[in-house]
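Labels run A, B and C following the written order; every chain starts at residue 1.
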Amino acid sequence: MGGARTICEQPNYHYEFGEACKSPDILFAFDFFRIPISLYPERGANRILISCSRMFKRLYHSVHSRPLLDLAKPEIRILSHALSKFVPKYGFSDRSIQNALLDLGYSNNGFVSVFKMNGHSDPVMSLINHHLLSQRQNLTLELEHLSTLKSETSKLKHLVTKRLLGNAPIIDHLHEALSYMILPSNMVASMAELHNLSDDISFYAGDRSNDFAWYSKRLALSTVYVQGELCMLKDTSEGFAHTIDFVTKRLDEIESLGYAYNSVEEWGGFTLMSTVNLIKSQLVRG
Amino acid sequence: MIRHSRNLIKLQSVRYASTKGKENSATENLRLGYLSDAQNAYMDRVIRVDQAGELGANFIYNGQYLALSHKRPDLKPILKHMWEQEIHHHNTFNNLQVERRVRPSLLTPLWKVGAMGLGIATGLMGKEAAMACTEAVETVIGGHYNQQLRVLTNQFHVDVVNEETGVNTPTVPEEIKDMQKLVSQFRDEELEHLDTAVEHDAHGARPYWLLTEAIKLTCRGAIWTAERV
Amino acid sequence: MLIVQQFQKRSFIIPSLISSGLSYLSKDIRLADKMEDGELHFPKTEFEKSQNTSRPLFQRPEPNYPGHVPLYNFEKLLMFLGSSIGAFVNPTNNNFIVSLGESTAFPWVLNRLRTQMLNDPSGRQILKERPHMTSKSLNLDELKNYPDNSLGKSYFLWLEREGVSPDTRVPVKYITDPELAFVFQRYRECHDFYHTITGLPIVREGEIALKLFEFMNLGIPMTGLGALFAPIPIKSSQRRRLLSVYYPWAVKNGTICKPLINVYWEKIMKKDIDVLRSELGIEKPPDMRELRKKARSKKKQVA
């Protein structure tokens, strides 16, 4: 990633996503992100920290993320290979990993280290987790396209659809993956990943909520996603059109729910204000 | 693994060293480390609790303004000025929370209701009570910001390894320095509010000790909760 | 639509909240707490860097002062158990009481005492100068020439009456911090002066009464334990006298008198003892030896 340059020259000095970095490896594309709503970068050493008159704050933080999946590590490469080549055939099992090991030229002795190194004591869970992480990472490739969409809901639809379609290669084994994930020993990890997914999707769709809506949005999104996955399990339509339709409808419902809630809140506030003013006017009357 | 994969975009340290004012920047090959899990956790906490705190302050001044604007129109400019500064603070932290993908406090509706109620109650109690409430809240917030500043100053070094020589000089990254300046500036403004409140007869409130200590206790409890929940 | 009806409604919200929320947040909370307490990423000072604190396993830490015997926590616990039983069964053996005192002298107790000393001018002087009481430092030979009713003369007379010497104090061995060890040593050395100023003899009964007095004033756990359990195995007449006369006296005087740990005894040897008592707020209890003699003679008369 090149040598050091002055702050002025760095492209990642401000928030940017969607712009691929120098590396040809597509999985590192998320290193630089651009938010469509970001401000114009302010070159030069005097960075204005905060300006309340502007709605979108200058993001003085240069954002640089730790790579989600470090492809330099052999374990990660083995898991990716297993996922792409062997899981569709043999499912989420030791067999896929072992085949991948042999395929890439490692000896069978490496089997234990593959899943131990990832912090999971379990090859199946490490495969499933790798699948979840790589799918989440692939969402960053959509960011370019997302900037063409206008509303937050349309972005959400696009992202959820893309994520669900990412399950397509392994759809035959998705049921075993899901049932494995809800085992109590794996529950925490899978719930955390679900939260990460909905957090990422909400963020890329441009969610800027600051209060309880943050939680309700993510919860609703997780619900929709899980329902979509479950729907996908039994879906036999072409290109999972039925699932996509279902998910789209759910997201529309969520949007209208949100709109309804905001309207009720507004109405409530207005009524309260009017009541107070009415009382005040009556008191003034004597 | 779970922890590292939590966020794709997470505030990490500056990728390249800040080479402001250094001429030989182009030739230096510095590899900056990332903020550690603990540092990230603390940053999240800072933003979460400060957002909740400024939200509370915003709503307190809102309540006080609503309660007092009718009876004491002479106080309107002062209250409005302090309120507007709090709105600015609140907006700052809102934006920080969104940028850094920090989870906001779960009990935000509770803080809204509580702060508004406190503002209105003290406003209805009178000018002195409102000023005493401001004094209490700003005292707690001043100490709180100071503590955060201490940690931000002392404990946010990241490894900066010169790739040629292999020498590691831990430095505080630019973003953290900016954060320090921000917190320091806000702390100064809060203490200014404190002085304004005292100037406007905060000590005249009756019952002074009970009111201020109860409000301070509530604030500390709210801060502790917002840091965690 | 068929498919939609087929798929189950799963209870999803509550389990997800519980399982993801609690375990997910706890690690962040712990780490952030540690950061706030300054336990992580705090840059080491030059001094700290020069300290080589890493030690191989199963190696006792270094002594912090001459005579220090560093103990592991389980050893301290064993010492407490052994000395508490031993002190109860055989209180005349000094070792048990000494060990009980040191095993129950928790850092927070001694810290409290040290703070008390730091808050007082003469206490500060004691901490600074760290005087150690021996028969030489107290000039026992000169004390007999001091005016009657002075502290020094009373102390000398008391030493003669009870037949003890200030040299027999056991040095503190098991307390980790050197300054806190000194505080405890000071308490041990001043014990004789507490006897002098209250007039209690070194018989078992007197020691117990003095223990309660010390507990009310200084708060050292060993004294409290002694006051609580030591009256159990003694004679019932003595116990009655203790509980009716001396315990109320000890509670009252121990609470209201000034902290005795701050008194720089060596420097006020010439002071009149009654004046000293009134300054400190101590009333002299009934003379225990007299009461015991009276009780003994009454019993002889009856028998």
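Throughout what follows, a residue touches a chain if its C-beta (ideal position, glycine included) is under 8 Å from a C-beta of that chain, and two chains touch if they have at least 3 such contacts.
In this text the structure is predicted, and so the values were computed from the model without any measurement.
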Query raised in the report: Relative to chain C, which chain has the most distant C-alpha mean position?
Result: A
Report summary line: argmin over chains of |mean CA - global mean CA| returns B
Query raised in the report: Per the centroid of Cα atoms for each chain, what is the distance between chain B and chain C, given in Å?
Result: 45
Query raised in the report: Taking each chain's centre as its mean C-alpha position, how far apart are chain A and chain B in Å?
Result: 28
Report task. Measure off the straight-line distance from the CA centroid of chain A to the CA centroid of chain C, and report it in whole Å. Result -> 60
Requested in this report: Return the residues of chain A touching two or more other chains; collapse runs of consecutive numbers into ranges.
Outcome: 188, 192
Report summary line: Note: in the complex, chain B contacts chain C through residues 3, 36-39, 41-42, 44-45, 147, 151, 154-157, 170, 227-228
Query raised in the report: What residues of chain C sit close enough to touch chain B in their complex?
Result: 25, 27-29, 31-32, 34-36, 38, 40-43
**Report entry** Contact set on chain B toward chain A in their complex
**Finding:** 1-2, 4-21, 25-30, 34, 51, 55, 70, 87-88, 91-92, 94-101, 103-104, 106, 108-109, 112, 174-175, 178, 181-182
Report summary line: Listed in rising order, chain A residues that touch chain B in their complex are 1, 3-7, 10, 12, 15, 17, 30, 33, 45, 47, 49-50, 52, 56-57, 59-66, 68, 118-120, 129, 133, 136-137, 140, 188-189, 192-193, 196, 199-200, 203, 208-212, 214-215, 280
